[in-house]
Amino acid sequence: MSQLRLNQLTWREVRQAGERGIALLPIGSQEQHSSHLPMGTDTLLVEAVVDRALDLLAQEASGPDVVRLPALPFGHSPHHLFAAAVSLSAATLGAVLDDVLDSLVTSGHHRIMVVNGHGGNDEIMRLAVKRLALRAEVSVAACSYWTITSGDDDGGRPDVTPGHAGWFETSLMLAARPDLVRRPVPARTPVVPPPLFDQPPYPGLTVERHGEWARVGGSTDDPSGADAARGRALLDDRARGLARAIQAFHAATR
Amino acid sequence: MSQLRLNQLTWREVRQAGERGIALLPIGSQEQHSSHLPMGTDTLLVEAVVDRALDLLAQEASGPDVVRLPALPFGHSPHHLFAAAVSLSAATLGAVLDDVLDSLVTSGHHRIMVVNGHGGNDEIMRLAVKRLALRAEVSVAACSYWTITSGDDDGGRPDVTPGHAGWFETSLMLAARPDLVRRPVPARTPVVPPPLFDQPPYPGLTVERHGEWARVGGSTDDPSGADAARGRALLDDRARGLARAIQAFHAATR
Amino acid sequence: MSQLRLNQLTWREVRQAGERGIALLPIGSQEQHSSHLPMGTDTLLVEAVVDRALDLLAQEASGPDVVRLPALPFGHSPHHLFAAAVSLSAATLGAVLDDVLDSLVTSGHHRIMVVNGHGGNDEIMRLAVKRLALRAEVSVAACSYWTITSGDDDGGRPDVTPGHAGWFETSLMLAARPDLVRRPVPARTPVVPPPLFDQPPYPGLTVERHGEWARVGGSTDDPSGADAARGRALLDDRARGLARAIQAFHAATR
Amino acid sequence: MSQLRLNQLTWREVRQAGERGIALLPIGSQEQHSSHLPMGTDTLLVEAVVDRALDLLAQEASGPDVVRLPALPFGHSPHHLFAAAVSLSAATLGAVLDDVLDSLVTSGHHRIMVVNGHGGNDEIMRLAVKRLALRAEVSVAACSYWTITSGDDDGGRPDVTPGHAGWFETSLMLAARPDLVRRPVPARTPVVPPPLFDQPPYPGLTVERHGEWARVGGSTDDPSGADAARGRALLDDRARGLARAIQAFHAATR
Amino acid sequence: MSQLRLNQLTWREVRQAGERGIALLPIGSQEQHSSHLPMGTDTLLVEAVVDRALDLLAQEASGPDVVRLPALPFGHSPHHLFAAAVSLSAATLGAVLDDVLDSLVTSGHHRIMVVNGHGGNDEIMRLAVKRLALRAEVSVAACSYWTITSGDDDGGRPDVTPGHAGWFETSLMLAARPDLVRRPVPARTPVVPPPLFDQPPYPGLTVERHGEWARVGGSTDDPSGADAARGRALLDDRARGLARAIQAFHAATR
Amino acid sequence: MSQLRLNQLTWREVRQAGERGIALLPIGSQEQHSSHLPMGTDTLLVEAVVDRALDLLAQEASGPDVVRLPALPFGHSPHHLFAAAVSLSAATLGAVLDDVLDSLVTSGHHRIMVVNGHGGNDEIMRLAVKRLALRAEVSVAACSYWTITSGDDDGGRPDVTPGHAGWFETSLMLAARPDLVRRPVPARTPVVPPPLFDQPPYPGLTVERHGEWARVGGSTDDPSGADAARGRALLDDRARGLARAIQAFHAATR
């Protein structure tokens, strides 16, 4: 298969790839990630996973051409504006996704995948892909990168994955962009009670309480044990998972 | 605790209950449920679970006053319009939830819970409760009734729960409103390949394909083995689970 | 004719009824009704009138099949939020009506009637039915229940009909749901000057003054003379009127 | 009192008049008025009534200063686009009214009146003035010119008032702008059945049927008996009525 | 050619003119113009230029029929609300233009021109005409009147054209509507630093600073040297320019 | 001064820089650029100019800290969808800019600059910065990169600057990203008549004709004479111009 970057293609190449290929849109965020991780963490990580997955696919004999779009660097992060964020409202992000997806269809694409790097984008992304499949004759897939695993043991800690600015994200950043992680990574004292959005009072219940993110200091768990080696393993696992998911989506909708 | 119905209260009683109580809004749908279940299945079931849970709570010595709102009978069901549905767009349903939640806050409520009966409402409900907690000083909870279990063995089949118009919903309807289930419940021949929205080609991936609901005939799994006794057990289990979830939300936000 | 409830029909029955029948949507409100009537008064009354009218029609040899939808329990009541209400904005209520009406058309209905229980919904309902008739090949009717009379003497007092939480609504509630009327019904001292929205300074003029509903205490006229017997007569009159209106709409658009 | 035109005032004069005066906005339409009346009939007539009323008020010793805005020449006329119209959607017209009314409040006005010349604007105007009174500390009035009579005998024919492009409007145009009425005024053969929007099948029922305006040829009744003298009497009556309504609004909200 | 006024035409005449003619919509504003010019200055001036241009065209043997619409008297003036204005938001003005332009197309027009009298409308007008040409098979032109010159020497001062309530607009008003210019025209002391929106710190840069219009007193340059004779020359020049522009648009899109 | 990248900063660093620095947002497009330039040309070029300008500023002793945001890779390109584009509607792009600008203000920034790489974004950007300055206490600047020159002779051809996919953009791409320019650059036969959007029939007139971009083949002028050396000079000139513009904005709003 070929790995193509939409921004580097001419329009005829885009049209040609659209006939059989898969268009892939990464979406991220710019938002506070505690005092040790950069604002762009989610965008950097989803791009890291996507690019590694595409590298893996490029080594395979068969598979779809993938046209990777530039990542949308901004997501839905109103809950981080108490500190700092560049946040699109849910309506705006939904409109951006509608417009981007419609453009791809108008430009000849029939199969599209959105890969997400930020929890706050999740529902908006799901609604957008459902809307698209109702109004256009397409197949469209969506996932958040941390949920797509290879199925092998990745040495991870499911209890703090993905969390926010905690063990998981810090480990991945130590692997992907160590230069952007401020050291020493500060320890986080447990907050009592823990944030209701992260640890709801009953299984299956979503609870949102006003001011909760500020109360707990902007992160969900202690990042101080984060580890570059384990971060590399986790990152590789997601890349392998995503490569397989792309192949599976290709096979199911070919 | 008291179980109160908002539509039967005077406005002073609403204000009074708002100080310490929990307002509870059930939301459902009107949409095709194959040839044997009625359009209002989701609304009927979420109301059945909510009312049983409130009956359980009413027997307890302590606990919150719960002000139950009339159910919103219409949900987001554009994928069922190929057959028949009364569907609100995602934007409309989001606006309804915003307006209802804001009204409750303006009328003095600080704690609100939304209980959902239809899968298609899920993301919209989650976005609405997140938005509310950002703009108002409230605690707000949300769940879909089938995900709130007691934790005990309920004799269920997780592989087909909730599904759509299949074993789970048919069993519950045989328990809750047997008069509305057309007999004999028809057997459903497996559709090959199964619908991508229900059985994605890779774990963690959401896939939507145009025309998929019509292709598979409007249901996800075979309802013919549905059983009233197991339906009663499942329904009781959700009611017990929801009663406990309300108590837990009360305790966490008191 | 048959009286059918959409929420109890299967989708094929909905489609079948849509060919020749009339879909009927009641809309109401949840809003303060002074200290003696419940929040849901408007919804309860419009449902009482609709259901009695449908009972009358069911006894007739000829006439249309009527598919009654679940009532929309929430309306446009921003002027009652000073006390308590669950209010949809005009834009939201308009969107709900658009979506519901479009869904009915998509599901095969050609003739639709909206019956309203709350004055504040009136303009929004009219705009919605006009919009629908422009974009779809349908006939659509709308009315507020208190304006549809049999034409016979109903013993009513036109000067205080419908009013709000006054003689008319209290009499009807004493007939329809006496258990929900708090006794004794309190006398209302005349407010001077009377509310401009109810008694404009010149005939034909609409006047809205900020804070007027709060200034006059949330009602328009003295409910203390309300009477169950006269309420029954008024209710029966509206039910007979609505039954005839449905027959007339049927005959005109058949 | 003074009669002032907002477009001719400096901003300081606008602010000064806003303290005690009444701002008055005429709204009209541009839409087909059969083959003998011009597109601007509604705007021309509402301006004629308003200007005559203001002339009458200018002769009185006491009364409010009235700041007359330029008329909004476009209204909500989608039902006339089958022939020709310049129509704003209901949402657009509502937004225009919101913006104009908010601007007046921001510029210092506390009392505002909207005078309407086109039936299709009615509900939108009413909703706009209600919204304004909820969000701003103002008194705001609204009317359609044909409903504001002096109360004296005006020689009118209530059965065809206002109608559309029929006896009433043609008579008024023969009085106000005879140069714009094409002669001979054509007779109109009765359409059978008459349009449901004008003659509903049951009193109190609103009925809209797709294509009805085109079916009946764009007018409601026979204009051929229209008469300039009676038009003058009708016009004068509305002017007197409006002058009195302005005085009454002034007295009630002073 | 003929000069036609849409509000005076019957609908059949509008349709007929639409086949070959050009529809022309003037748009203006109501906003503070310092202490010596009226609120309606922009609308009055654009109408003066348009009507003179149409008079010039009417004297020519050949050329298009022009159907002049009533001017939209309100524009986008939020920056003048610190003093007084009747302002439409950018979204509302865009919606008005969309609706008016769509109506013209639906009523049979293929060629449309918008002539603007207010700087704040410029971007909104450009976006509207671009949108229209994408969704309808039309040719559509737009300009602000001060930018359309004859090309001859008009004795103007480009450094203060158009400015706001300064030398240019005051001169034109002294020519077009001297009765509405308050005398003596007050001298304006230079404001230091000059307003950033009028004199940006670097060529090609747009700079907007909060509160700038209030800081500089609502005008851009000294109007005290304004002159009726030069105003007449400038006005005639724009009228000649616009007449030629209409001819050129006609020739290019015939 | 420092050159900072928002996506690499922690939130505390963003807040700190916001106090005195300038936030800079590049916006671009993904759209057809004829057969020899890539879809991302506008984004690549605006980023090239911005990054060179920031490099120049970094060498200076004094000046503002500039916090560069990730470029928005998508713009308003509906006119290029006939071939291929990823286009946001004007409403969506306006909402994105509103949200991004509001986020920056909420996160502590007082001075913001938007630098644009695509003509179709221009009006939307201007409206957005005007809106922001009205609702927030900020100074905000905007420009399109090709209009910001050093004032020195840059060897350019103003008649074809910027054009679309012609001499100017091709020369710049040969300088900035020669690897992405397909060779040989094809010659473009003159299209007769030339596109009305690029060469209006009268100076100062904007004319948009349906289907014009497709008719002229998607570009405005002949790129075959494009030259890398002259492209470097043009690029350096814009970079110097932008660096000076940033300094001037800093000085004027400090």
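Which chain is which? They are A, B, C, D, E and F, in the order written, and residues in each are numbered from 1.
Note that contacts are C-beta pairs under 8 Å (C-beta built on N, C-alpha and C of every residue); 3 or more make two chains touch, one makes a residue touch a chain.
What you see is a predicted model; the values in this text were computed from it and never measured.
**Student:** Expressed in steps between touching chains, what is the minimal separation of subunit A and subunit E?
**Tutor:** Shortest path length, in steps: 2.
**Student:** Over half of the residue-numbered contact pairs in common: that is the test. Which of B-C, A-B or E-F passes it against D-E?
**Tutor:** Duplicate interface of D-E: B-C.
**Student:** Subunit A to subunit D: how many Å between their CA centres?
**Tutor:** 56
**Student:** Roughly how far is subunit C from subunit D, going centre to centre by Cα mean, in whole Å?
**Tutor:** 29
**Student:** Please compute the C-alpha centroid of subunit A, do the same for subunit C, then give the distance between them in whole Å.
**Tutor:** 49
**Student:** Would you please write down the residue numbers of subunit F that are in contact with two or more other chains?
**Tutor:** Residues 91 of subunit F touch two or more partner chains.
**Student:** What sequence of chains forms the ring when you start at subunit C and head for subunit D?
**Tutor:** C, D, E, F, A, B
**Student:** Which residues, counting only subunit B, touch subunit C once they are in their complex?
**Tutor:** Result: residues 6-12, 14-15, 30-40, 43-44, 69-74, 80-81, 83-89, 91-92, 95-96, 98-100, 103-104, 106-108, 180, 182, 218 of subunit B touch subunit C.
**Student:** Applying the document's contact rule, which stretches of subunit D touch subunit C when the two form their complex?
**Tutor:** Where subunit D meets subunit C, its residues are 78-79, 90-91, 122-124, 126-127, 129-134, 136-144, 147-149, 151, 193, 196, 200-212, 241, 244-245, 248-249, 251-253.
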